[in-house]
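Per-chain residue numbering starts at 1, and chain names A, B, C and D are given in the order in which the chains are listed.
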């Protein structure tokens, strides 16, 4: 565990890359020594994200030009598009054996190569590494994360839904066959790629669902919910897009085992997260807003009773770029490098 | 049925009032002869809504100053806050017997005085009129609406949810005990009243649920869904606020009677609305966006299969101020005055 | 002048194309018989703009597949990107001599081929047509527009700035060397092309200037302001982007010929536009908001005194897609086809 | 200079109050011991700003209930509405002589009681304190601020405009009679008070100017610009509202003393701020965006040439709640308490 760790961000020109740099720049025990962005190689970070203009940062490099032997990285974040990461991680794994890896893509989240092939339509390019990858939902897998060399950082939607539901599934307090997750995300969740349907005029002043009935984040939910429940769990999940930059709100409809299950579900969650620095359970009957966690690593969870007998409504809010991606990645880095878990993540949410 | 009808808008300084004026100004067979707004009496409509500056409109009057005997109204829209309307409608009913009334508040939507008292916490002030009020969901109650003197215009949330579900409940194609409605509304739904939680900086750049587990619009849903199903129906309904001005999207989770019910539900809806000018059912698997109905009187409905066996996902989108309030009110006015139903409502949605 | 005119929209898959279709669909004397969009040829208009799903429209065609001889067009709107239009207009001019043309691009706005070459960095491809093109600022060139076969529809920024300043320059009431135009536009002004800097997350929740010191719309301003003043006029003009879809507000700083020129400037504008259906001058001291002209063909102009002696502040607001593009194009079409000028353009602004 | 200072925030339920708490909660050398909010006294800070739910903070107190003798404050921030502050500061000045005061209102910004009376329409209630108040534009008055007991924190608009112009006026590089400041602000600048014109639906999706020709921030600009220029300076200043939460962009039109003054003005600014931690001058020709300073204490300044001879365009961007209010207040607190100036203000901007 180094006094000061040397860190690289692969894919620094995307939104999760920028969020990593925002957090790491102020982390007292790391130094950013490598930033890659193939199509922008040679440019400065300020060229692609002007907010970094006042700060000293390495120029953007092409990943093929990195000399892994001499750069002396302690840990690399992979913030690359889904699908492109497997080859790069495989390369890093063999050529830079002392480098720990946190992958923010979906490439190593599924332990089962068959599940990967089924959801992504092609064979995994590094199946031998999938077994080494630890799934990085910090509050659930803290012990394993401390030991990990390769960490698969959870998806933004799955982080909120799992934090809300896993304690309830483990306690067998909710019916695994009656879960509906209606999720709403800000626009940064779609990344910085060029898509007509992400232009301002296409997505402002309106609201819509997408991926209805079938969305790749379901694979991750299936795996983890089934693991928590000790049986196969398949949930209904519908993502929507909100005209805002950051934030995911998951409204979860659950059926408990009693007529009025909500207070018990609330008590279970409050107990599960009583000592967690980044999960806050609101008073019973109060539900969270995404704006109150903006820019912070917090997840807020609320539970309310439904008037329909047997049902409860659970609402979880987080910032998709922070706890839903780069913040949780830094939280995991802290564990993997032996730092205090909250280091560099103490920012209070930016509201209004 | 007059060649040119004389119309009044009571409560013209709110959002549904302004939307009525927008539509009525261009309606070829009506003349706006009365606009009331008690706190703004004496001002011009342009003082409270500058978009009307170029048009000739009556000055805002106080309701108590209106001489019902001489003004010669054919029809009055009541766009007043919930709760204040009962007395005014009662007054109008007796003092101006030739005036038809379309009430956009919730005051006359519940046929059962006991239900009103239960949901609103006080006795109805004009229970003798409740029986005369026709519930104005145009596509469902067209025949009755043509005969109505007092029309209770449906709520914005209930309009979308009912258009999506009533044909399915009538056909017994969906389980009435397994309906979850996750609804999302733009900010105009909250009206123009002064509330800290509706300031721009409080509600932009974020998303949240409200009224979780209990919301007054449920009363209207209970009444109409139970009527359609021929048995008591109590649904789960959660409203949310989207940082946009106009639009409601309802994501509805339904359980059908077969393993894969979605295609049948789609076929039922497509058939039910094949000839409707203001309800458009999208191709199977396609879901709507609120922005594509903005400013129009259209409701778009989509149906998609869920991967969970037995479930379907139905999504309905409308503009809460148009089909969800003032547009439907004008549609009902057309029926009540014997005009073609679509008159003055032909505007195409404003997108982008 | 046909009872019912046959209209084509070339470039129907962009924002000005969609706005044309929105307006033309409800115009009582036109029929849309042709919609082109080369990259989307074969698709329906609803595929590229779902708001048109309920309406009957021709499928999108490739422009090279159009048989100009048989289609029988009366008028074609060219809503194609700047630069691509010259060849197409030239082609249309010779092959379809009975078709009138309204070009919404910048290609025919500059009468002087040398000015075109200087601002656009290449020679004009149809200089012989430039002399036939009538500049389509309706309120200024109404007489010429009625006679035009080829009309160059003004730019969105220039429309607002010119309506505010031309009467003042003509009256020699403002110093032509002391004009500063600080303009702010919604995002649809950038069109529907794929640009990273127009993604929602890049441009929401922020504000910035662009094209500072040099912007192509200046060429059009130079030409028309110089024409109005009878001498060369070069103004300072800075465009900015506002996180909204529609609207342009121009804040104009002018120096008059007296110590307190504002009331006189206001009187000049009020007189100039007293009978105009689509220009409304607000009471002295009142300034407009873009939201109050949204979706309408109106321009609102306000004038206020500045505390600095000799200066006045003029503010003009319009909807960049309506009066700033497609609405003014339809207004010009009405003149060119002998229809009443306001036909199909009576919509009241959509606010809120 | 205490190792750990005890801090109070008077007026903690407004936006500048919340921004102070956000920054102070993570400041390593302060402890928040007092939060007041008269109308919310007895409530928790999380009741009025839910983002603070996870943190330990004193309950909101009524200001009259504070025992200044025993609370042991080192410094109090007054984040109260303009006009209400004078009495409270006077009270604090006499009853708590060891407490330093940073006032975020406009009450002590004008050194001249006559100017105060002229702009605010009433006599100042504590004119004897006005002479003790130091105007807190940190980069300009650093030496005096270190000695201050009562500090008048600058307004949000004036901060950006002054940072851009004062070095130029001091150097006599720009004509003081030819300055136009066209400023645009996010909605938090209006505060949290209940105003119909600040409701979401009133101000989203649109843009407008306000206070045209006369705005109280002019008084502060007059005083400081005149001081810098050594002669009376009266500028043209027009504020506008942008549908975003945070940020002010000032587009400044200046006339230099040469034909092409922009490069020299840029060089002057670059030199003036070369060593400043919170003012960053962009490369010549590049202009800033508000989003790239959001949530940070940075001001970005850009300079570009205008095509009009003799003119330059200067653009300054800052976050109105941070450098424009609470961030600069903390920066001043650091100086007044002998802490490193940047302590607690190192956050990188939150973009996207």
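Keep in mind that, in the parts below, a contact is a pair of C-beta atoms (placed from the backbone, for glycine too) under 8 Å apart; a residue touches a chain by one contact, two chains touch by 3 or more.
Just so it is clear, the structure is predicted and the values come from calculations on it, not from any experiment.
Student: Using the touch definition from the top, list the chains contacting both chain A and chain B.
Tutor: C, D
Student: Would you identify the chain whose Cα-based centre sits farthest away from the centre of chain B?
Tutor: D
Student: Could you please state the distance in Å, as a whole number, between where the Cα atoms of chain C are centred and where those of chain D are centred?
Tutor: 40
Student: Provide the C-alpha centroid distance between chain A and chain C, rounded to the nearest whole angstrom.
Tutor: So the centroids are 45 Å from each other.
Student: Hey, how far is the Cα centre of chain A from the one of chain D, in Å?
Tutor: 36
Student: What are the residues of chain C that contact at least two other chains?
Tutor: Residues 15, 186, 188, 201-202, 204-205, 243-246, 288-289, 291-292, 294, 351-352 of chain C touch two or more partner chains.
Student: Write out the stretch or stretches of chain B touching chain D in their complex.
Tutor: 15, 186-188, 192, 194-196, 198-205, 243-245
Student: List the residues on chain B that touch chain A in their complex, please.
Tutor: 180, 182, 184, 186, 201-202, 204-210, 212-214, 218, 234-236, 238, 240, 242-247, 249, 251, 253, 285, 287-292, 294, 302, 304-308, 311, 313, 315, 317, 351-352
Student: Under the stated contact criterion, what part of chain D meets chain A in this complex?
Tutor: By the definition above, chain D touches chain A via 15, 18, 21-22, 25-26, 49-55, 188, 204-205, 245-246, 280, 282, 288-289, 291-296, 298, 300, 321, 346-352.
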